[in-house]
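One chain, subunit A, appears in both complexes that follow, with subunit B as partner in the first and subunit C in the second.
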Partner chain A sequence: MISEIVSVLIFSAFTVCILLCYKVCRLLNLSFGSIFALGAHLATVSPLLSLLAGSIAGIALHRATRSLKLPEATIVSLGFGLGIEEAIRLTFRGSQYIVLPAEIVRIVGEAIYAATLAAGVISAAFIVSLLAVLNSGIGLKLRFVEENSELAELYGIDTESARLLILTVTSALICLLGATAGTVQAIHPAMGWPYLTFSVIAATPANLFGRHRYAAAVLVNVACLLWF
Partner chain B sequence: MRWTILLLIGVLILLSGCAEEKREVKIGVMIPETGLYSKSGAAMKNAAELAAKHAKEVFGVDVKLVFADCGDTPEKAKSAFTYLASQGVVAVVGAYSSPQSIVAADAAKDAGIVYLASVASTMALEKKVAEGNRYVFRNSYNTTYWGVLAAEFLKIVGAKSYYFVGYDPLRTFNSGMLETIRSRTNAELAGVTYYKSPSVAPDDYKSVAAKVAKLSVDVVILGDPGPTSVSFVREYAKNGGKAIVYSVGGVLALPHVLKRLNIDNIAFQAAALEEVEKTELTKRYFEDYRKTYGEEANNYAGILTYDAVLIIAQAAKKGELIENLEKGSFVGAAGVYSFNENHQAAWGSEKLKGTIGIYRNGSIEVLYP
Partner chain C sequence: MVLKELAVILALLAIPPFLGYYATFIATMAIIFASYTLPWLYMEKEAGWLSLGNSIAFGLAAYSLAIDARLLPLSIAVSVGIVFALSFAGRPLFPFATFVCSLAFWQASHHIVIGGSGGEEGFSYASLPLNLAFLSAAVLFLSGYLLFRALSSSSFGLKVNATRDDEIAARGVGINPVSVRLAVFAISITFSALSGIIYLLYFGHVSPDVFSPVVALFPFIASILAGKRWISPLLGSYFIVVATNALAAILPEFHYLIYAAALAAFPLLRRIRDAAETV
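Up next is the complex of A and B:
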């Protein structure tokens, strides 16, 4: 049961990141799959390096897409992701899959990988923090940007900084989640695509819930887990 | 004057003969450099380059390779084949998945160029030959042989019962393999489950692993050669599964992966293992690969692409390529190849057998042959 809860939390965090980028940054961020794989590869060096690399990737993507409309920005994010994947391929040359040793811990009698548990805790902390922020003054501004960024800008909200913040934080989180997955799964450049595909699918119904879309992302992932 | 003309003709004949002997054999290689199979693509490229080197050293044949990226879709494979055909190659080897090989087989017929499939297992290729496409050959296993090897394994370990775990995207391949296993073993089939691709249901393999771990069977046959198989065996062991896991190979046939996983009783098939010297090329392949590329060589797609290049090099030495392939026998690292009436390499014959290994107590033990 703990394993299932952790899975739901990880995929919910992924889905929330997709939704945040879509609503605040005006792009369907298709580079998350490759950023996830980047984090997994960096786990072979140090998992903490993935936080830094993810942040840099987020800043770079912000700069590359800040003046673009949603369709163009989405295409650029895809190209950006493919570029990261190719860079991974060139850096980690060779035909071998990387497998790292994984530590198992027991929680209420259930065996679970320590790295997976850590990913679940990080994801839960992210979702709870986000929901708390959304109910604060900053959250009101963020929702304003979500609803109408041009109008929000006219009212003096720094939409550019909000966009930069969201892209940096979400990319860093996805990269970190990749690093935790890297200690459990076989590492390869395309390993983030299943996560991206599934999260984009989950984000679609969650987005229908309007201002409750982030909480709905968790419910959709619970439903998906039960369904599959 | 007459003698001078005769002498000139003689010299010309001699020269043309020499030119024939020394001519270069240009071979096209389709490799998945991008996409889902790119890890295997890297092994295929390395192996093909090594084969070109060995063709010169062992058989005295100059091989020039032309590479094309076939990605992971049939469309890309078709473009790759078309490109290679335009480069004047005598034959094309490689491609990865079954849909890609089917497209390549059709393209081979259209272009009138031999295509030697070195990875795909679909029975559709043999069907195409039976229907008159003489340009297609295969040196990799067909689906039946995958089943033959698994049944052989069940016999070797004296399994009384087994459970089959398939990979949903490879359902056609897996079910064909299972059909052969069932027809060749007396062991009881305790059940069949297919886990879905992680793109569709990310944690499906976990629930399947947990379910199967609770069953009391001697062997779990795992039909997934991809990276999810690593996660599956980890979950299976984590949930207390005790049966031997027999994998179709792929990622779980790589020695460094098995060592890192360090889970006892993972068995796997491989086209060749360094420990079993099938021909004079077996050791040479493994040693030179390690020396040249700094990593282990037993990637199924890699070793069979190596053999595919060598088969074409040997067959193209003299005369008509298709006829030579149909009638000759060719040395590779995995054994000595000859092709049956449907242009399928005679896997299971005395000189060409797959190998089965098992990881136990920190090392790989060969179980078959």
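Up next is the complex of A and C:
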């Protein structure tokens, strides 16, 4: 049961990141799968390096797409992701499908990888803090940007910084989740695609819940867990 | 202009068999992907629907034939139904809805196991001798080229263009945009399925890779690189396939770099092309 809860939390965080980028950054971020794979590969060097790499990827993507409309920005994000994937392929040529040694812990009698548990805790912390932030003053500004970016800018909200912040934080988080996954499963450059596919599909019904879309993302993932 | 284009196409189709086995092998692959790109171009250029999910029809047809040929009509109907249903997401979201759907097929196809075969390995099927496969691919491309050119200049083509430019105005002159869209999708998807069948007959094998992003994005990348004329699918496919194979020893999976560069440069290239057309 613990493993299932952790999986829901990880996929929920992924889904929330997709929704945040879509609403605030006007971009369906299709590079998350490759950023996840990047984190997993960097885990072979140092998991903490993934935070830095993810942040840099987020900043780079922001710069590449800031003046583009949603369709073009999404296409560029896909190209950006494929570029990262090929860079991984060239850099880690000898380490495709590698498995790293992993620690196992026991919780309520259930064995689980320590790294997976850490990923669950990180995901839960991210979702809870996001929901808390969305109810604060900063959250109101973010919601304003989500609803009408042009109008928010007219009212003096720095939408550019909001976009940069969201892309940097979400990319860093996805890269870090990749690093935790990299220590418990065979890693390869295309390993992020299943996570991306599932999260985009889960984000679609969650987005229908309007301002409650982030909480709904968790519920959709729980429903998927129960279904499967 | 048309004759010049036709002459170039005939040359690209006729020369490879005289250049030896390897050239024919590469050319067959390029022509199959050109045949797969043609119906995509028809959908995008004539009807204004940019699909990144034609790989669903391509892959499903190959899978159906490999599993049981009686499943083929159903696979085509399902592919048309899926793409048509996704079109109700609207034109701006249609490319991404179809792309994510093709990714879902990619993931799901790993779990298709029948009679102990399938899964990641996929299914085997009797393959054609190379020359026959080349000929089949060439005939398919040429017939597709003539078909789509004819369709684009027919009265049906005018209806398709009218719905692309303004659906409300088209409705005003008695055209049903939804029926026209369904007809365009049915034609395009059926032709994509035919190219999937030739793909299976050429390789004698089909695996989940037929639904991969590489296949899903192929027509879009070919059009970014070679433009949107009717000859472009052949030129774009030749470029991607030949470059990938020529550089495979130095840069494995070189097509990923082509894809990444083309997608990243897409907004810029589109602006340059639009400016050139305006002038």
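Here is the rule we use: the second predicted complex is superposed on the first by the 225 of 228 C-alpha atoms of A that agree within 3 Å, B and C clash if a C-alpha of one lies under 4 Å from a C-alpha of the other, contacts with A are read in each partner's own complex, and residues count from 1 in each chain.
FYI, a contact is a pair of C-beta atoms (placed from the backbone, for glycine too) under 8 Å apart; a residue touches a chain by one contact, two chains touch by 3 or more.
A quick note: this is a predicted structure, and the numbers were derived from the prediction, not measured.
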item: Superposition on subunit A - do subunit B and subunit C clash or fit; value: clash
item: Which of subunit B and subunit C A:L225 touches, first, second, both or neither; value: first
item: First, second, both or neither for A:L28, with subunit B first and subunit C second; value: second
item: First (subunit B), second (subunit C), both or neither touched by A:A64; value: second
item: Subunit B versus subunit C as contact partner of A:Y195, first or second or both or neither; value: first
item: First (subunit B), second (subunit C), both or neither touched by A:T159; value: neither
item: Touched partner set for A:S171, first subunit B, second subunit C, both or neither; value: neither
item: Which superposed partner A:G79 touches (first subunit B, second subunit C, both, neither); value: second
item: First, second, both or neither for A:R89, with subunit B first and subunit C second; value: both
item: From 26-34, 98-106, 188-196 or 260-268, the subunit C stretch with C-alpha clashes against subunit B; value: 26-34
item: Contact residues of subunit A, present in both the subunit B and the subunit C interface; value: 86, 89, 93, 193-194, 197-198
item: Parts of subunit B lying in touch with subunit A, wherever the complex brings them together; value: 34-36, 38-43, 46, 196-204, 206, 227-228, 230-231, 234, 238-239, 251, 254, 256-257, 260-262, 293-296, 299, 302
item: Touching residues on subunit A, where the partner in the complex is subunit B; value: 3-4, 7, 11, 86, 89, 93-97, 99-102, 104, 111, 113, 184-186, 188-191, 193-195, 197-198, 224-225, 228
item: Contact footprint of subunit C on subunit A as seen in their complex; value: 28, 30, 64, 68, 70-72, 74-76, 78-80, 82-83, 85-86, 89-90, 93, 193-194, 196-198, 200-201
item: Subunit C - residues contacting subunit A, complex; value: 92, 95-96, 99-100, 103-104, 106-107, 213, 217, 251-253, 256-257, 259-267, 270
